[in-house]
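Following: one structure in structure tokens, then a few remarks.
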Amino acid sequence: MKKIKRENLKQLFDLISSGQRLYIPIKKAGQTNYGIYAADSRVDLDTLKTVKSSKEAFFPQSETLYTVTKENRKIKITQQELEGEDFVLFGVRGCDIKGAQVLDRVFLSSPVDSFYEARRNHGIIVALACSEPEESCFCTTFGVDPTEPEGDVTTWFKGEYLYWKANTEKGERLTALCSELLTDADEAAVEEEKESIKAILSRLPYADLSLESWHGDATNEKFGSELWKELYKPCLACGTCTFVCPTCQCYDLKDYDTGSGVQRYRCWDSCMYSDFTMMAHGNNRTSQMQRFRQRFMHKLVYFPANNDGMYSCVGCGRCVDKCPASTNIVKVIKAFSKEVNSK
Amino acid sequence: MHGIGVFVCHCGSNIAATVDVKKVVEMAKLEPGVVHAEDYQYMCSEAGQEKIAQAIKEKNLSGIVVCSCSPRMHEATFRKCAEKAGLNPYMVEIANLREQCSWIHKDIEEGTEKAVILTRAAIAKVNLNTSLEAGESGVIKRALVIGGGIAGIQTALDIADAGYEVDIVEKTPSIGGKMAQLDKTFPTLDCSACILTPKMVDAAAHEKINLYTYSEVEKVSGFVGDFTVEIRKKARYVNMDKCTGCGVCMEKCPSKKAKSEFNSGLSNRPAIYTPFAQAIPNVPVIDPTQCIKLKTGKCGVCEKFCQAGAIDYKQKDEVITQKYGAIVVATGFEVIKLDNYDEYAYSQSKDVITSLELERIMNAAGPTKGHLERLSDGKPPKNIVFIQCVGSRCAENKGKSYCSKICCMYTAKHAMLIRDKYPDVNVTVFYIDVRTPGKNFDEFYRRAVEEYGVNYVKGQVGKVAPQADGSLLVHGVDLIDGKQLKISADMVVLAAAIEPNPTVRNIATMLTASIDTNNFLTEAHPKLRPVESPTAGVFLSGVCQGPKDIPETVSQAGAAAIKVVGLLAKDKLMTNPCTAKADELLCNGCSACANVCPYGAISYEDKLINDHGIRKTHRVAVVNSALCQGCGACTVACPSGVMDLQGFSNRQIIAEVDAICR
Amino acid sequence: MSECTCHQNYKLDTLVPMVGVITDIRKETPDVKTFRVEAPEGGKLFEHMPGQCAMLCVPGVGEAMFSITSSPTNKLFQEFSIKKCGVLTDYLHDLQVGDEIMVRGPYGNNFPVDTELKGKNLLFVAGGIGLAPLRSVINYVLDNRDDYGTIDILYGSRSADDLVQLKEIQEVWMKARDTNVYLTIDRPQDGWDGHVGFVPSYLKELNMKTDKTVLVCGPPIMIKFVLGALTEMGFTKTQAYTTLELRMKCGVGKCGRCNIGSKYVCKDGPVFRCDEVDELPDEY
Amino acid sequence: MQELISRLKELLESGSVQRVLGWKKGDFTFNPEPAYFNSAEELSEFVYDGFCGANLSKYMIKASNLEGVTAVLLKPCDTYSFNQLIKEHRVIREKAYIIGIGCKGKLSLDAIKAQGVKGITDIKGAEIDGDCNELKVETLYGEKTVSYKDSMLERCHVCKGKEHMIYDELMLESADTLDADRFTDVEIIENLTSEDKFTYFQRELSKCIRCNACRNVCPACSCRKCVFDSTKFDSEQKANVDPFHESMFHIIRAFHVAGRCTDCGECSRVCPQGIPLHLFNRKFIKDINEYYGVFQAGEDIGQTSPLTDYTLDDMEAEERR
Amino acid sequence: MSLTNEEFRPKIVAFCCNWCSYAGADLAGSSRLSYPADVKIIRVPCSCRVNPMFILRAFEKGADGVIICGCHPGDCHYSTGNYYARRRMTLLFSMLDYVGIERGRTRVEWVSAAEGVKFSQTMNEFVETVRSLGKNVRLGDLRCKN
């Protein structure tokens, strides 16, 4: 266990960023999002949740996959280079880390997505425990431990210090790099902080949210439910929930003509968009009800069915905070448990 | 698209001097889709065109780019050439390498570079061209003239003389219009009725002309060559076939309190009446607001006296539907209401009159049998003041901003006639400017001043104050002497502004013809197409388009007629294929496009749309390609890009932008 | 369904296509053309199994998934039969021999030709362009004739002009051993002396024995009625295989579009046994 | 409030409306959601308070396709949008029974949080029957009091007024919330240097995640297919995360709604990144007012939108200040 | 008028209506009135055909300035097109100005078919203005340049 004084954090960031990219929550125009650290960045580790999750460090909102150039009738394809340098992702909360694990199931399963894989291999995660959980948090429901998030390094704020514990070989390397700024510490302060967090967790409004009846075999039971027909109604079919979600992975592949060639890029897409499933051969889901249902069925039923019961939701609560129509996964879960209870 | 051919013209040395033509050919070959590129001395020559035709056939080209002079010069030539070779003429694009490149730039490197880019843009565009077919539509060989004044009569006569059927729709019981109300006409002072009546008779007698008097246009649909018009024939209560025009009914009618419209309200007329003695048709109408029989059921005097048995109290309005190939608007004018000009005491004194009222007073058939007398006491006036520009050239919102054009001349006429007939009457004219452009106009005005001693005062009248003794005190300013004037007059004549007949607004809406802020109909081009409305198939005749005098009206009427004849002489109309087109699948039906269409070419229909298997009825925009002229205003008004312009589509223009900025 | 193993050969990411050159174009019907695609240096772009599909991409225009209609036993090239129905297919139909396109794949699973189907009597039922994926299986089976029992092929389309691969049907399939081919068109037509009527009713007329495994492909409505007819005839759902429509984008089971229930059509399909289809939520 | 619920019950029970479009209680006191109520019983979930910010006019586009009449609750500012939608034939007037409801200013959770409040579990004082002066906020970290006014949405500070532009009946009282000039912020930006303007918008727009919430919530953005979703201009855009594309998206979006935007403020309310999107729309509104005469979209259905209109002596582009 | 390599040569897109300004440009050509080759003209039927999307697209693809030319108000071939264009462009350019695009990069000019001299003068002036502003860096698409 190491520690560093809060006031020395800037030195730490300068040090880390001197040799590699450092992604860290930065406050810009009133909002905190991950960004690449620069000396004049306004680092903000106090805001619990960045608007967008940290997933874009591994799965960016848009990325070029390859470029096609055409001369007469000949086509030349050049694949985009894969990530080749290490980078540090600092201040990641437990939910976002769990989110990365969910995405691993998607992108690292066969056939492996090499673009994602390369970034994942080169990323060093410095996790940060959630000293002040908020009302929309329900990560514990999905088995996340916000008191000790699993990163290559785990950190805690307590008093004037940031406590630092390396968990992996990557983490050790980073610790060694920063050794001049880190001093030894004992575990007592961290244990105390963990207890304090736990106390708050038990008081969270969603602490008792139950996933009973949501599992991989629930397709038949849930899919045909009449509840969907009411639940989807406020939905505006925007992509806010999807784009702030740490686990949403739907993407689109699109062409961009640069004038000297066509870039094929991949970008986030949202299963809530009305044209999401509009494809050359037809449309699977033509109504907003179907699209709304798909999002939650996928997270709570289909995904667990294919991934040993792992849900594709981590309880970060961003959708709870951000949905313009105040509808969200918690309301869906609650609506179904109400139905179960009333039966 | 595949198979673009590029043809670069040297234009002798016009292009070749500052553009490396060979380089343009080489660069064009590298562009996507290009399978053929060549250059030639003169592409527009027969040999050049032959080269193009040959390449189209041999290489099975799907589109061509000709790099030559301005498309305004030879686009049509190359389109024809392509068509002859079996390629749709709209698969041709021109890169303007002469007027917009070689003639502008002197440096060959610079010129060549620009030529390559312009060529690239044309290739990018032609890649997205689609075959377009000019549509055809039939022409109904019949014209409608709305309004039966001198403008409408003349237009109808000219069209009918050319051999086409014409219907005149006139809302009053007789044709003749304002000109029939006039006494004499300037600058020749001949009797208005004497020159108008023969024309009215000609119109009535012409076998190709059909009159719908006491009728109004109620609905117009369709487009150039094929309008469908509903005309409401108002109930006359007199059977036109039976009536002999003897006039006994009018004599015997006990209800004689209605104001005569023809005499500008200065005399009364019976409930059954013809507007004036020479009315055409010479069949009276019963005014249902005045007729005792129609109001109370008692009376029936006219029926009793009518030997022809023509009176029919049960007659109803009749709506007839007729098809026309062209429509002429000749709705004429009205004198403005003088409510805003109380300073001239028009409403306070009977002796303050409008010029049109003076026409009636001067007319032998008028309320005073042609004697100049005061309406208040029937005494002959000794001092008459004319006030010009009442409501015309008015800066404030009070009146009209425009010049009514005819007032200067008719005032000179009135002044002259009065001085001629009553030399002891003093005539003073207050004017801002005297405008006399026209053949013999200025001479006429000068005669009024010099020979007839009319007193012209440059200045304005602030107030006309009726005095206790019945005289009128005119407060004016003489701008030349800079003096305040007070003139005691016993009659004041106001040269009130004229404005388009108020019915024109409604008619313009029905015809989707645009009108300007003053309610004058807009012409298709103020200089080059002054008698056509921007709406195809709609033509303008007379004052409805702008203030004008009789000779101008008659010449415009003839011009409108020849335009109509030119249209009706065609069997088929070719429509411009570069028209707007809406994608029904995605149209919102929001009406934004229709709001900006100057031609009324866009309408809305509720259509059953199959959107990827989901059937739903949607309100969608439909463009009538016969009306659309292809300006593209709608394409920008459409937020979802659903409305596009064929030949200049969004994607084509974007492709040009991309090619230029590459 | 067996996990597809073809992907592992790739050095490039699976989303990055290969360049293919069009070496032959056959006009099958007024709106269907069959394109032969080879690697620029000659030979096949990749190996595939019957029923798999591949993504054809035209840069700047778009991409779409198509069944590979040629048999894996064809060692020289791959073929795609493509019906003109949109921007991309319009573009493809305008292509000429020698033009290059981009191809990625193969994607999806395949008909279990080497497992469940082995040794079975096979009945193929196809409608219109639905013959495309089945042609791959038929030729595979004919090329490995000894591994399978009897073969019956029932193929129908709107009109005689809309029958694809007619030449091959007549010259190869009809002449093959223990193979019966039944053709039908929807409405009578001059010059057609064969059967007239819809595929499902013809199937019932033929009243085949239920000792067959059935492979069905065609318009969804046809599939529905064929399955109904089969049930009437005494077949069970487990005896029939079909392919779902190729509504997919990435082809690798990640982009989320073709996700139906816990299946990804592009990865777990497009070939399903009909009882498996019934288990899917009704979104296919 | 009770009066409102009784009236809604009456409407449903009498069969004069088939459903009510209003708000349903959320799982917190501060997250009600737009909802349909098909029966009197369902109204037990009904709520209307300071957190019911959504402009339900947008939902009426879909509701116009439903069988029968929908009773819709519209705040004064929402009625402008509804009028505009009638004008554009996007809603059917006869399918709506409009209950014009009062409004005492709508609250923004972000504005409350910006006052240093974290972990909110309950908020009291937003009830429409109350005096709306103070909010009692219970949080995981203790209780706090914030002023109602400081917690309002930006749009309520520049409220268009208490008048409903269209309604079938009116219920509940409104309060005056106007305390700022609508165009002050626009003017501040206008007075910046080119460089500073660019920096300002660059910073704001670089946050955009192209979630389309602003577009999808906007009553004026009711196109069946948005240009940014279609290939009409080769303009299909999805998450390009390139600052230019974000500004292009927002400029074009603002242009497309110019003359139609009622300034309802929903775009700014829903933006997950807190981008002041109304600044684009207001710039157009301000320009239109200055150049072509004061115009308020949605006020009068008969009025021509300034962009589909002209006068002969309009100002030239170069003459603008 | 040859330019040295160091000198900045802006990319300028001019949208010209077919009836007046395009003819005006032709007249400039036939009168041999020079203006910089940086100006490339796109012919549109009417100034009202110019969609704001085209203008932004041009900037996106690297144009340094965009100018719209149409018939003088009142002389539009389609009678009202340029009135709509005038409002649209006034508002759009005002907006571009507002987000920090120097106003010198955008311009609306009415050029009749007879005004070859005006066309050439306008273009000379416009190019000069844009040249003094330098390269368009604020509206370009960054991806094109990597």
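Letters are used for the chains, namely A, B, C, D and E, taken in the order the chains are written, and counting of residues starts over at 1 for each.
In this text, a residue touches a chain if its C-beta (ideal position, glycine included) is under 8 Å from a C-beta of that chain, and two chains touch if they have at least 3 such contacts.
Predicted, not measured: the structure shown is a model, and the values here were computed from it.
K.L.:
Write down the chain pair with more C-beta contact pairs when B-E is set against D-E.
P.N.:
Of the two interfaces, B-E and D-E, more C-beta pairs touch across B-E.
K.L.:
Which chain's mean C-alpha position is the greatest distance from chain C's?
P.N.:
Result for max centroid distance from chain C is chain B.
K.L.:
Compare the CA centroid of chain A with every other chain's and tell me the farthest one.
P.N.:
B
K.L.:
What whole-number Å value describes the gap between the mean CA coordinates of chain A and chain B?
P.N.:
Distance between chain centres: 67 Å.
K.L.:
When the C-alpha atoms of chain B and chain C are each averaged to a single point, how far apart are the two points in Å?
P.N.:
65
K.L.:
If you average the Cα atoms of chain B and of chain D to get two centres, how far apart are those centres in Å?
P.N.:
The separation of the two C-alpha centroids amounts to 45 Å.
K.L.:
When you check chain D against every other chain, which residues touch at least two of them?
P.N.:
225, 227, 231, 233-235, 240, 242, 307-309, 311-312
K.L.:
Quick check on chain B: which residues sit in contact with 2+ other chains?
P.N.:
596, 637, 641, 650, 654, 658, 661-662
K.L.:
In chain C, which residues are in touch with two or more of the other chains?
P.N.:
none
K.L.:
Which residues of chain D touch chain B once you look at their complex with the stated criterion?
P.N.:
87-90, 222-227, 230-235, 256-257, 304-305, 307-309, 311-312
K.L.:
Mind listing the chain D positions that touch chain E in their complex?
P.N.:
Of all residues in chain D, those touching chain E are 186, 189-190, 194-202, 227, 233, 235, 240, 242-245, 247-248, 251-252, 254-255, 258, 280, 283-284, 287-288, 291-292, 306-312, 314-318, 320.
K.L.:
Which residues of chain E touch chain D in the complex?
P.N.:
Spelled out, the residues of chain E in touch with chain D are 51-53, 56-57, 60, 73-74, 80, 83-84, 86-102, 106-108, 138-143.
K.L.:
Going by the contact rule at the top, pick out the chain B residues touching chain A in the complex.
P.N.:
Spelled out, the residues of chain B in touch with chain A are 30, 32, 612-614, 658, 661-662.
K.L.:
Spell out the part of chain A that touches chain C in their complex, as residue ranges.
P.N.:
65-66, 68, 70, 73-77, 79, 106-107, 110-111, 113-115, 216, 219, 223, 249-253, 255, 257, 262, 264, 266, 269, 271, 276-277, 279-285, 290, 294, 297-298, 301-303, 305-306
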